[in-house]
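You will see two complexes here that share chain A, one where it goes with chain B and one where it goes with chain C.
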Partner chain A sequence: MRSSLRLELVAALAVGLLLAAVPMLIPGNITLLNLGILTFLYVAQGVAWNILGGFAGYVSFGYAAFFGLGAYTTALLWLAGWSPVLTYPIGGLVAAAFSLLVGAPTLRLVGPYFSIATIGVGEAMRILMLNLDKITGGASGLNLPTVVPSKTWFYFVALICAATSYAVAAWIRTSRFGLGLTALRLDLEAAESLGVRTTLFKNLAHIVSAALVGACGGVYATYLQYVHPDTVFSFTLSISLVLIALIGGLGTVWGPVLGAVVFFVVQDYLQTSYPTFHLLVYGLLLLVIILFEPGGMAGLAGRLVARRRGASAGPPAADPAPHAEHERAPMPRADAERPGTERTT
Partner chain B sequence: MFTTQNLVSVAIAALLTAGLYAVMSYGLAIIYGVMKVINVSNAGFLMLGAFMTLMYFQWWHLDPVAGAVLNLLPFFGAGWLVYKLLVRRVVSARPIATLLLLFALWLVIQNVALAIWGSDDQSIITAYTYKSLIVGGFRLPLTRLIVFAVALLALSLLHFVLGHTYVGKALRATVQDPQAALLVGIDTERISALAFGLGTALSGFAGSLLTLLFSFTPDFGGPFQLKSFTIIVLGGLENFAGVTVGAAVLALTESFAVLFMRASLQNVIAYGLLVVALIVMPGGVAQLWARTRS
Partner chain C sequence: MTTALTLDRITKRFGGLAALQEVTVQIASGDITGLIGPNGAGKTTLFSIIAGKTRPTVGRVLCFGHDVTGWSAHAVCRLGVCTTHQVVRPFGDLTVLENVRVGASFGASGRLGGRTAEEEAGEILTFVGLAHRRDSLASALTLAQRKRLEIARALATRPAVLLLDEVLAGLTPAEIQQAVELVRQIRARGITIVMIEHVMRAVMDLSDRVLVLNYGRLIADGSPAVVANSPQVIEAYLGEKISES
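And now, the complex of A and B:
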């Protein structure tokens, strides 16, 4: 386990360095840079979403709220004369503060009820922002300064975002914190009884991932030089993060990386001819995944590797995707019976 | 602005809307009650119901109310199939798997509709769309009256079926305790498929009725879906009578809130109410009422 982990980190580092070298290796290719920037931002967000959605099992449909808050924080501070780079962490902080505000009550809800509540919060935020036209520009959005750094600069910033998300997720995965999240996902009450501080952990996971997504929102705002409530707070964006993580592999560190790359490439390919067609493709893919391979692409890859190993050597390899298998509920049990809050909080 | 006349007419309009709200949420409540599944795909079927009605209207000049009735059977079949082919396979997994599956189904339905009908606003104008009745000094739009009457009729029928037929009783028994229902010889598997069919049929039905009052696009199921969630949560989730109460509470809150704020913020009320209701009163209005009385 330890050695495979080290191998994974070395591989990630190699991929990161290779990607960082791209602007030098293929200079002046704007299309490639654009593709890279948006893909990296998706990677960063997908990986971040997965900290709460995958590790802790709280599937949120409301992450656009964090992205939008980050985007608007950067936009407003930038218009007030700040340097954009300084505003990214502040956008992250604002998103984190909001996630605490929302998460403290809603994370007490069990599974699907949390998901439904997040749809409500996300959509309410979008409509509120659309109506706060004094601040957000309302339905006409905000135009931002046109003096921006080069595409190459954005390429590196986006890459740093993705790398940060990956590093944070990879660290959490191996830490006691990550173990606690896994425990509370598998059985909240059992985790609680073993001394896992579930409320604290859930909220921490929410805050960390919200901060990462908020910072990405800021980068996005400076990159496009324009923010509009309907785009940065859109439900489609929230859905995208769910899809990226699920298709890549819920609860794995590199699954969402894979998911984001596929997601963006499919979207980019189909966008010109059929603007929303990629969502159809992704919806179908999601159906297939939930029915046949709940581990997503990472689970599938793990299974293939295991099969090959099983064919060549005697003992079967360790569980390929331990965190994303069909986790059967033991019985029609308490949380299926009652929507409400957990007993323990 | 706040004359009695005004307030009464706002209340009447709200209650007329509540009928429609109740019908569109009933399916969700039945499915939730029987298998504890939150049917997110409901939004897709609501939208599909509206577009099928548009098709009937364009092909045969069929009135939306007749379209609503016509929708019942195919939508029942569709719901039955969705249960048999998809939901049944994951219903024993974690609840979130079912939610995501139905969410994926919604995405597919919505985007297929986008591919077929495009994203333009559609509406159905009938001969009586702009007519209204004047009763006791209040102007009542005819479409709202018709929708309310049809909704009321559908709800009464449903109430009768649930209360007085074998299937209805079996369904309610399954809601109360699936294991016990199984023990007394109820085929809960079949009841689940039936509930999914019935719930979907009601979505198709409600989708048709919506066309009389609103314009629609392939995206339009979402907001109504969220309102339905609010309603069944307010109603206490498996309390069928609660659906009517929840619908009335939501419609009244929305209508009166608009007197104090911009109309474009109306949906925020519904969504905010959803979150608050989920958190502070998981048992719905009825429980809150019971609690304050004891």
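And now, the complex of A and C:
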């Protein structure tokens, strides 16, 4: 039963090592390194976002706030002479602290209301940061030291970010904590009555994923050597994380990894070919996924595997869902009113 | 004889409606207590108040001497009082085993890790007779099986007190017989049981003591025989002789 999980971890490790070898195998390819850095940062954030959005089912449209806080914390500390390696975790901590501040009141709301609240928080942060120009540079942003580590160094740091997010998400998925998140996503009241501290768990999931995204913000800031409220606190970034998780598959560990890669490729293409339409295309993409494959790529893959197994192993009824937990990617809270439960007085 | 639960002048109002009025009762450890009454009498509301899902407007709830009034549901569960839901609410997307693992991993059993929780969940499924469906999705179960799952999940939290809300409703006579047997076995494990039930023969058979609620008031309290012949109870049930229904 656990073998599919072990296989997944071994595969992840192999891919990670292969990616780590790329700078040695193909030396001096700056384009490739840049591509890698940005993709890894998207992977790290998509996987992190999914801890709250996918596992617990609380879809947030406000994660740019964590990214931006991490970016600015790192930027300011770097300007003050700190080493970037130290500033990334501190950026993560600041983002985590802010997530607790935001989450404590908003995570008490039911799903859709939480989502709406996060849009407000994200935008409020952006506008606040634009106006705090003494600290953030306001509308002109902040230029950071130009003496930066090499592209290869950033490549490894970004890869470590992605690997850390993956490891944290994979651990949560198999832990008691992850079971609690799944339970509260499926039925908050039932989970609560079985002893799950739902409010605590939601906040922990929020904090952990915010910290990971905050650290990514720091890496991004040092990599670009420039921070601006409109980029690091942008609503588009928040939406991107939701899209990555949706494309890949909510509630799975590796779904958002694929989602980030696909998203990045699509974004690159769209922004160069149809710069004015790319938001519209995202909207359509979102619609198509929700309508036709709510489980994202992971859901699609799961179904294909199930079909292959069904074809080779006779009637599928024998074993309806072999270790289904890791192959399903339900939409958050879509099952609040589940059919099939009887009504009595 | 020790007291498991004490309800002290519990009153609950929903706007103008008084769902419960001044309900005072003590539940003895180890007993099976039946809670009956017409629809809308306030039975489920009383369970919700004990379980921490709803706060009483007035009054206190004590569990094993702890005043748990105003505690949240998870805290009450971890203290050892677990409720099943009248409208069953399995985690439909999880397997039967995973459903029970939630109870075993949390609840009063503390922090059972992956393996231990899974073993414990497996044992409980065998105990309630659902072992053959452990890997099915909970949404694929029949109603009788869902009710068993509801009980299994609650048992997995290792409760000292189990509150069963109409676990026999909607079952066939044969299934009722099996469920009654299951309730007996649960009591044999030393678990105190309070059960809301409309299937009179079953409550009267199982209970050491029967409480009757009507319009939010406790109108009778005693042994099954005494309660079944109480004029007030017969009147509440519009004259049906309840021991025969």
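In this section, the second predicted complex is superposed on the first by the 310 of 345 C-alpha atoms of A that agree within 3 Å, B and C clash if a C-alpha of one lies under 4 Å from a C-alpha of the other, contacts with A are read in each partner's own complex, and residues count from 1 in each chain.
We adopt the following convention: a residue touches a chain if its C-beta (ideal position, glycine included) is under 8 Å from a C-beta of that chain, and two chains touch if they have at least 3 such contacts.
Remember, it's a predicted structure, so these values are computed and weren't measured experimentally.
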item	value
Partner chain in contact with A:V59 - chain B first, chain C second, else both or neither	first
Contacts of A:L109 with chain B and chain C, given as first, second, both or neither	first
Contacts of A:Y282 with chain B and chain C, given as first, second, both or neither	first
Residue contacts on chain A - larger count, chain B or chain C	B
Contacts of A:G195 with chain B and chain C, given as first, second, both or neither	second
Partner chain in contact with A:T174 - chain B first, chain C second, else both or neither	second
Contacts of A:T182 with chain B and chain C, given as first, second, both or neither	second
Which superposed partner A:I37 touches (first chain B, second chain C, both, neither)	neither
Common ground on chain A, meaning residues reached by chain C in one complex and by chain B in the other	328, 335, 338, 340-341
Residues on chain A engaged by chain C in the complex (per definition of touch)	174-176, 179-180, 182-183, 186-187, 189-198, 319-322, 324-325, 328, 330, 335, 338, 340-345
Chain A residues touching chain B - in the complex, by the definition given at the top	57, 59, 105-106, 108-109, 111-113, 115-117, 119-121, 123-124, 127-128, 130-131, 235, 239, 242, 246, 274, 276-277, 279-280, 282-284, 286-287, 290-291, 294, 326-329, 332, 335-341
Interfacial residue positions of chain C with respect to chain A in the complex	39-40, 51, 53, 72-74, 77-78, 82-83, 85-95, 98, 101-103, 105-108, 111-114, 117, 135-137, 139-140, 143, 146, 153-154, 156-157, 166, 169-170
Footprint of chain A on chain B - complex, ascending	36, 38, 86, 89-90, 92-101, 103-108, 110-112, 114-115, 119, 178-179, 222-223, 226, 229-230, 233, 237, 262, 264-265, 267-268, 271-272, 274-275, 278-279, 282-283
